[in-house]
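Have a look at these structures, which come just after this line.
Each of the next two complexes has chain A plus one more chain, namely chain B in the first and chain C in the second.
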Partner chain A sequence: MSVATTMQLALRNAFIQRDSPGHALARDSARIARACQDMADRFRRGGKLIVFGNGGGGADAAHIAVEFMHPVIVGKRALPAVALSNDAPTMTAIGAREGLAESFAHQLASWATPSDIALGVSRDGRCANVLRGLRAAHDLGLLTVALLGDTEPAEPAETAEPVETVETVADHVLLARTADPAVVKEIHVTTYHLLWELAHLFLEHPPANRADTLPTGTRTDGRAGDQESDPADVPARDSAQCSDDACVTCSDQAAPATVVRLLHSGLALAETATGTGEISTEEISVALVDASVGDTVLTHAGEAIAVIMKGAHRGRP
Partner chain B sequence: MAVLDEPPSEEMRGLYPFLYPDQARLESVLAEVQRSTEAKAAEIVRLRRQVAELDGDRLIVCAQEMATRFASGGRLFTFGNGGSSTDAQEVATAFLHPAGPGRPLPALSLTSDIAVVTALSNDVGFDVVFARQLAALGRPGDIALGLSTSGGSANVVQAFREASRLGMLTVGLAGDRGGKLTELGLLDHLFIVPSASVHRIQEAQTTLYHVLWELTQHALGTSLPASTT
Partner chain C sequence: MRFVDEYRDAGQARALAAQMAALCRPGRAYKLMEVCGGHTHTIYKHGLEDYLPDAVTLIHGPGCPVCVIPMGRLDDAIHIAEQPDVIMTSFGDMMRVPGGRGSFLDAKARGADIRMVYSPLDALKIARQNPRKRVVFMAIGFETTAPSTAMTVLRAETEGIHNFSVFCNHVTIIPAIKAILDSPDLHLDGFIGPGHVSAVIGCRPYEFIAHTYGKPLVVTGFEPLDVLRAVYQILTQLAEGRSQVENQYARVVPWNGNAKALNVISRVMELRPYFEWRGLGSISHSALKMTEKYAAYDAERIFQIPGVRVADPKACQCGEVLKGVLKPWECKVFGTACTPETPIGTCMVSSEGACAAYYNFGRFSRERVKEATRR
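And then the complex of A and B:
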């Protein structure tokens, strides 16, 4: 067979073999939902997300952390997340002295608090340091989530020591339904995009005693919102309903505001709508944007981060 | 009184929904979550098929040209921002240290050296972080592969200008309509994922570069088992 024919065949097979694990993800929706519900609970309690993996799984850990810290969808609240595999000096220091298997467990012991979430990525489910990291996190009381491929478990070694399996250390095991590491990664990317999106959905729909705070019109389509972000999609601040530091409607979240007067030193007076429809005026910083009176800006912790509507559109829905 | 601890039956909740508002709300959120997951899974499967139709033949040509470069000593440099920077790292490690069988090939992600990235950003500007590295490391026989979901990242555009000036093979992965990378008109290969969702674009790009890796290995004559991507 010529190289060209081999490549044609390989191309065809490559795309076909991705269909089945892609569809299988839909069948895991309840499993994913349960994980997100628990993750949202931890974020609500002030917990942070700690992610780790090796090789490409380390790249995934970095992607997951940036996804939560700096969402691509404007107006979504930043959630605290760190990727342990990013720190090359620490990784190599632990690797050289205690061994690679300790690289995540050691960092977790110093960084984690019981309200946190540990998320380990291992495409073949056999990474010793990911399993040890999850074990350490589990013992500390963290919520533990494992993102794995559908690989046959390793042959148990003939030792007296019990073998650590992921089921004993992870509260939630999410599987990509394939053993091919490249396809596992692709399914994982969709899975963690869903984890991010659905964790926000559960954060915005608190389960108990919050009937009066349910925001409406929540977007769950994951569409890019950079330029076309509709201010109506961004929940407004509402201090009246604030009950704790982790309240999603009034903590670290972006909100639209209309500039009514420019002040000295990059400051401005701006009007914001409260959840009850009342207008309140507050001082914000417009130092980072080119804003004029009448413009609608997106504010984050009192700082305007983007002009989302020029003044000419003022008053339009 | 154990009966009080049991969850209310479907019938009870139907009769007295006001007694169980939390339960009803949770169920509606769970139903929405399930619907959302199923919709996203179906969407990315559809998008992958569309990409296979659109880009299949061009992926083969691109892989052949990459293989030619590698065969004559060329190296691969990858770059991108945010989530795409992690893809750049994934591409580099996939070529340099394949997960399964495959010939290791020289590849470097320009996003990993935080000393260089912060030095250039601080001293010159963020737009040059990749271009300056290519100017220093790149040679005419090399390959530049950049990812941008919008196609509009200024530092990715500048990097491609520099790579093109040096005579490197340029491969771009973009989304939506390709943004500035399309307007630039100087890339040897540009693969655009036709979606408005940053998430779906990233997911389909992951498939694109994995298939590109596999086809490059085939073009180099590496024999891969049929089941391996």
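And then the complex of A and C:
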């Protein structure tokens, strides 16, 4: 067999090896989306992302933190994130005194808050310090996400301690469905890029009945708000007004209005034509113009700045 | 419909196009700036550039009030909105404008009480209904919206409403035009003057442009034929070697403006020594602030604002677009990282912004095709 043929076969096998885990990742899209939605909720509440792992997982943790802290795509806001394994002195200090298994749990216990997110990365899901970190985070009330490879379960340890499993400590378990360590790594990179991308998507487009549509007086940070105000008290404009490509009132554009009744204090009721040609009546100020009933005035932000037609006409200047 | 149909007649537009072509001297290029964002919107909505002779290029000016607000002022507004018991009110255009710490919508998601209003009167109504809250109106705009803000402050005073204040970001158009005229980047041949700003300030303030700088300016309206006639009148002046201020929009704009509106503005507001404009930098006496007499209604005095200057994102070239040095689609992030859904720069936020107008009305693709054809 020629070298070229051997190379071609090797390449084909390499792609076949990645084909199945890649498709499995696509099938896990709903699972990933749910994790991202929960992560966006935590960021919205002021939470930060705390990432940790060992070896290659530690490098991934650093990569994840920088993705969130310094988005490569322009226009995406930076989100607070830190990789615990970056801090070698702290890691080795804890490792020397308390054992490596405590290296992440100790740090989390010191400064994580319940609104934070803990993301543990482990290629084989057996890293004791990652599992201990996720356990500590879970107990503190953090959102816990585990990014693992799909390896054979570990042999039961010969110890009296119950074996910690990731399912008991992680709210979301995201698996690279392969045992090949290189492919696990590749799937992990794609997965956390998706985590970043979708978390931003959920942040930018919060689902209905979430943060920005809470009833007035309810705050997303859980603090009790004042119930006295009601946005509905502000006169609602016909949404059709905004249908003509630009909203004629909230944009810096003027709208003609025909005065139908003069009110006290320089105010008036006026009819305006909406984008669909329908007529709506609203209160405007005519204090700065000499307007009479039937006149068409040019309004800007609710204030008439010019009379454009004396008498009963309706139109656009 | 009156005031609409007679200004949208395609036959008249074609006739004007022929007349404009005849006015252009062979081999000469004409660069005209439409100062007002409303005109930019009209030009792209109706595809007016296709009616213009090839020699005429329209440069989009800084007349979109949302587009010229620097990021630092938005951060200051968000700082105010995040203070206890504050309800921040703002025009809808401002809600998505990105600042250094995100937009109003982001702040709202973090828990700040920020509400969209259609006028300062709506904000005053919210103050009336919420006596235990401090209601702040994010005032933006040129001389068109300043009277509305000033009048609302006077109403608050008359009614004895003390929980209402204004975060004043009103800007004035004349210093901005002067800054553009003094800019070495641009060599303009004439101006399409703003319509509704002129309804308030009149046409006299523009006379220095014609007399000192020798550039014609035609104040015009917002219908397609209004804009085309303004271009025709400017080209006529240039062909005849004249530079004058002309009022094509006399059906709305009195030569001397609206004295009552100017009076109300001067009662409540005064000129700032300087103000930062996005893309244009600090321009002296180019914005308004509340007078000492109305300090009680001045959010800037009531709240300790950080007042930090925030640099625009490096990728964003709004400044060059606002000065007319770049066409929107020449910006590095136009239509890719910066879209109306996820704007990086202010020009992509407001419907009056040049980038949003290009993006929404397909000029982007047409310009690209034109460029490719030329090459």
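In the analysis below, the second predicted complex is superposed on the first by the 192 of 317 C-alpha atoms of A that agree within 3 Å, B and C clash if a C-alpha of one lies under 4 Å from a C-alpha of the other, contacts with A are read in each partner's own complex, and residues count from 1 in each chain.
Methods note: a contact is a pair of C-beta atoms (placed from the backbone, for glycine too) under 8 Å apart; a residue touches a chain by one contact, two chains touch by 3 or more.
What you are looking at is a predicted structure, and each value in this text was computed from that prediction instead of being measured.
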*Name the contact category of A:Gly46: first (chain B only), second (chain C only), both, or neither.*
second
*Does chain B (first) or chain C (second) touch A:Ala287, or do both, or does neither?*
second
*Please indicate which partner A:Leu298 is in contact with in the superposed arrangement: first for chain B, second for chain C, both, or neither.*
second
*Touching partner for A:Ala306 - first (chain B), second (chain C), both, neither*: second
*For A:Gly95, decide between first (touching chain B), second (touching chain C), both and neither.*
neither
*Looking at the overlay, does A:Pro80 come into contact with chain B only (first), chain C only (second), both, or neither?*
neither
*Of the two partner chains, chain B (first) and chain C (second), which one does A:Ala26 touch, if any: first, second, both, or neither?*
first
_So chain A touches chain B in one structure and chain C in the other; where do those two contact lists coincide?_
73, 211, 220-221, 223, 226
*Which positions of chain C touch chain A when the two form their complex?*
1-4, 37-38, 41, 45, 64-66, 85, 87, 91-93, 98, 102, 105-106, 108-111, 113, 115-122, 125-126, 129-130, 132-133, 140-142, 144-145, 147-149, 151, 155, 158, 196, 199-200, 221-223, 251-254, 258, 260-261, 264, 313, 315-316, 333, 337-338, 342-344, 350-352, 360
_Show me the residue ranges of chain A that touch chain B in the complex, using the header's touch definition._
3-4, 6-8, 10-15, 17-19, 22-23, 25-26, 28-30, 32-33, 36, 55-56, 59-60, 62-63, 66-67, 70, 72-73, 123, 180-183, 185-186, 189-190, 193-194, 197-198, 201-202, 205, 207-209, 211, 214, 220-224, 226
*For the complex, which residues does chain B have touching chain A?*
21-22, 25-26, 29-30, 32-34, 36-38, 40-42, 44-45, 48-49, 52, 56, 59-60, 63-64, 82-83, 85-87, 89-90, 93-94, 97, 99-100, 149-150, 176, 196-200, 202-203, 206-207, 210-211, 213-215, 218-219, 221, 224, 226-229
*Under the touch definition given earlier, write down the residues of chain A that touch chain C in their complex.*
44, 46, 73-75, 77, 203-204, 206, 211-212, 216, 219-221, 223, 225-226, 228-231, 233-235, 237, 245-247, 249-254, 256, 265-266, 283-285, 287-289, 298, 300-303, 305-306, 308, 313-317
